[in-house]
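Reviewing the structure listed below.
Going by the order they are written in, the chains are A, B, C and D; count residues from 1 in each one.
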Amino acid sequence: MNTAPLENVPLDLSIEIGSLHLKNPVLAASGTFGYGREFAKVMDLSRLGGIVTKAITLEPRLGNPTPRIVETASGMLNSIGLANVGVAAFARDKMPFLRSCGTAVIVNVAGRSMDEYVEVVRRLSDCPGIHALEINISCPNVQEGGLAFGADPKVAAAVIGAVRSVTRLPVIAKLTPNVTDIVRIAEAVQEAGADAVSLINTLVGMAIDVVRRRPELGGVTGGLSGPAIKPVALAMVWKAAQAVRIPVIGMGGIMNAGDALEFMLAGAVAVQVGTANFVDPTSTIRIVEGLEDTLRERGMGSVKEIIGALEV
Amino acid sequence: MIDTKTTILHQEQIAPQIFRLRLLSPRIAREARPGQFVHLRIREGTDPLLRRPFSIHRVNRERGEVQVLYQVVGQGTRLLSRKPVGERLDVLGPLGHRFEVSEEGGGVLLVAGGIGIAPLVFLCEDLLRGHAVTALIGARSRDGILCHDSLRSGGVTVHIATDDGSLGHRGLVTDLLNAQLEAGREAVYACGPVAMLRTVSALCRAHRISCQISLESRMACGLGACLGCAVKVRSSVPPGYEYKRVCKEGPVFDAEEVIFDENLLSGH
Amino acid sequence: MNTAPLENVPLDLSIEIGSLHLKNPVLAASGTFGYGREFAKVMDLSRLGGIVTKAITLEPRLGNPTPRIVETASGMLNSIGLANVGVAAFARDKMPFLRSCGTAVIVNVAGRSMDEYVEVVRRLSDCPGIHALEINISCPNVQEGGLAFGADPKVAAAVIGAVRSVTRLPVIAKLTPNVTDIVRIAEAVQEAGADAVSLINTLVGMAIDVVRRRPELGGVTGGLSGPAIKPVALAMVWKAAQAVRIPVIGMGGIMNAGDALEFMLAGAVAVQVGTANFVDPTSTIRIVEGLEDTLRERGMGSVKEIIGALEV
Amino acid sequence: MIDTKTTILHQEQIAPQIFRLRLLSPRIAREARPGQFVHLRIREGTDPLLRRPFSIHRVNRERGEVQVLYQVVGQGTRLLSRKPVGERLDVLGPLGHRFEVSEEGGGVLLVAGGIGIAPLVFLCEDLLRGHAVTALIGARSRDGILCHDSLRSGGVTVHIATDDGSLGHRGLVTDLLNAQLEAGREAVYACGPVAMLRTVSALCRAHRISCQISLESRMACGLGACLGCAVKVRSSVPPGYEYKRVCKEGPVFDAEEVIFDENLLSGH
């Protein structure tokens, strides 16, 4: 994946997720890319397929007690909580920059209650420059709501149905892996009107400081992300992609173009890159370039030829 | 700030578990300000996965050199200490906020605990241009007292404290602080263990002397994006506190704003 | 953990799991230690707390197509299937050696049907030298049964209740992590008469060869084990230990004594070591020694002082 | 067999991507038999997690040396190739089953594809004591033809084939096989890509000449415990096949018993 582009043949990396057109299938994952600005110094954001923002709630939230992160084998746990500036400040202070980035803006939405989800979605729908909403029914780091919404197919469908009815923006349901059967949740949100599903959010995990005999995280448990979880994510994406008609956006431990290809072969139309941004802030761009190289090397005109091309 | 491949120019052990690393990076050397840090990728692969943050200890702008002074405490620093000269090292930086230095000259005080001396040496270079500098350096024993000779030869008045009395005052470095503060100072700059910083902050407040401290926190991105490095600070709006990012609003904080609670004292 | 024992003060590493007495809390995990013999050349098996055998079924089984393993970031996927010699050959050919090892022998039992579990347990109960049975209601690598038994609290309870009624041996229910709420399963098997629960088995995962566009494993998906899964395992052990009265045996990515201590602080009375045996075949012994060192360093007389001592 | 810390005595690159590693391990050198392998831990930490298996290429019992000849194909072998002399390496071995060599002298044939030459060199030492040895060595191009000079000077008759014709016959090493088998041989020993082994096995069967092949398979334990390295072999009882462990019953198998199906051809 280190080879430079061989020649400048026209390559089609674009993909569609319902009415959402992306110039390429590589998105920065929620919570790992801030509101974009921090990364503008190290890369050209317009080369990204899109940016998914940190979760936005109705009111500002401070987030969880510290320490909030701990490294684990090939992964990390985070217990950030839903720390964010709230929907009003987001629309006022963060959207102007995001609108100017030249890439798709997908806003990740969270809430404590069904009403909160609906209200945040309503307000965001009035805000110009947003291309799609990702409904986070899967955050493991909040006491109320969060995980609970995404772990039960009926509740998941109810949230998605409710937000669906108040917005024209494409609705992406972000699913939790902490369930017995993710396919049932994916099917339920599809029926409720989701335009796409994205998976996986983090796995619930824990680490203990044996000297102090205390949890490493202020929030006790946290969400596991990074290469460690890639096999779990890939299995779920593969199962979900076979079961639903709507597009599947895959993520979990993607570090390089090879990893992204695995998810796309398994059926993901696009991928999100999370923890990798912390290891190498230009990961997303490297992955875009790596996908271009792969298409050239294999003489393929469009990235769509890869999607779901796994032979089982 | 951009992502850079640097080259290891030199690495040497200067005390038990303490290493000095010299990196070639003309851009970082040029842009770096005292108090800022670099974020190092220890090795390729996924173990360890995350970068490690280190204060910028010194720079040599002519030679394009950046120095890091670090202590081996775990897997990442152990692996770093074994890197040979000539190896390339992936470095993000300079990151974070600098120590603020006032234009008016006057007497300033540095307080360092252990490896906390690292960023204060760089700060000293700035301070010595217009200030009389006194440094209080503390450690467990004489082995852990670092950089005192070079500070002295640079014109800094140095006082030393060791827990075991093997060099200087026997006891905590903060034992020396009251006398210094009573003599009056324009500003205090401190870096070291959280318990030390808490004492320094409290004494500075009592003496109404402005105090800047450099904090540590576990970091993922180092860029202000993940909110992982949060530290609790006072706020005028309910609930009376908020979080700031050590990598972005810090690592240097005004001591007044930091809340030294249990989580800060026990965690990283 | 590398320091040699400081002095020879008497240390009590023993623990009890119902009527099962273990000389120390370190067991070799099912499927990673064969039937013991392979490891006898590199260590003194009598120093182990116990050995859990590969799953035993009624008839011999060949197991899954190849390739059966693939390395992942800080982990591995396996799709061995329930390859084993069958209960008759096990009792005849493998038990004589196991009986001679001087350590507790725990036989892992699997089946395609409730009847098969019951029949295997019945036959093993007649076989001398077995100290306990671990009922594997959680193997992700078999088409029928396996995972299905462990993913539903009612089914899990039915299997455990059925085997409970045909044996006097301690019954340990081995739980799958691939569920929404492992606590409900743990509670269900506790009510059904399990003497202990052990967790976690592997997480369902997948890896793809992007050049060949095929799954890396002959079995398509497999079970993820190793350090990658430790945070997930620890969170589940902690939750289960708080919820049930019966002892919890913890496992998942334990590589050294520090890892074992994390599980014990979280509430595990004993631990199992799996994938670590492949990296260093003497891992189990190193962990026993590391626990001894920890007790000495902290001036503790018994390993029981550590169990559940996490301060949250 | 026990777990051993060995020391790297020497490591050199002998062809593109091909390295020769010399390890100090008197015990392994003493116990090793041709066809057996060692299982190396590449580095500390969890990336890569699993050991890597390599055939024993040569031993020097007097000096207690064990040699491995390997090709860099991925992360593990790349990291191995960068290890400096003097570093300690954790090695399990010798593991697995040896090549069987009959007591009666006679003409035997070795067939090596690429890095498959590695175990056959050790075997040669045994064979040369009572047998006339011919070796067919194949590779993509002349760069990949290894050890031919030392085999020749040891008294082996060597024939070479390269895909691009840059050395010896242009074409597959198996093109040379029929002529050799028609000349009659007591036994054939082969190691190399699975497709090559399949052809060698088929031709040997056709000529009713006994053939032993060394197989590769992904391994976890290397000790026979995990059943991860299974390979499908013929069986007289239904369903007509069973699995054997490459690390225990292998890596050397009687070619007759191995089932060259799609899974074996495409996987490791």
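Brief remarks on what is shown
What we mean here is this: a residue touches a chain if its C-beta (ideal position, glycine included) is under 8 Å from a C-beta of that chain, and two chains touch if they have at least 3 such contacts.
Bear in mind the structure is a predicted one, so any value in this text is a computation, not a measurement.
Simply put, of B-C and C-D, more C-beta pairs touch at C-D.
Distance between chain centres (mean CA atoms), chain B to chain C: 46 Å. As a whole-number value, the distance joining the C-alpha centres of chain A and chain C reads 34 Å. Annotation: 55 Å between the Cα-based centres of chain B and chain D.
The set of chain B residues touching two or more other chains comprises 46-48.
Across the assembly, chain A contributes residues 73-75, 214, 226-228 that each touch 2 or more other chains.
Chain contacts here are complete: no pair of chains fails to touch. Within the complex formed with chain A, the residues of chain D that make contact are 46-47. Those residues of chain A whose C-beta lies close enough to touch chain B in the complex are 31-34, 38-39, 41-42, 54, 62-63, 65-71, 73-76, 78, 80, 83, 212, 214, 216, 218, 226-228, 255, 275, 277-282. Of all residues in chain A, only 72-75, 77, 151, 178-181, 203-208, 210, 213-215, 220-222, 224, 226-232, 234-235, 238, 253, 258, 261-262, 265-266, 309-312 touch chain C in the complex they form. Chain D meets chain C in the complex at residues 1-3, 41, 46-51, 90, 92, 217-232, 239, 241-243, 248, 263-264, 266-268. Those residues of chain D that touch chain B in the complex are listed here as 45-48, 75.
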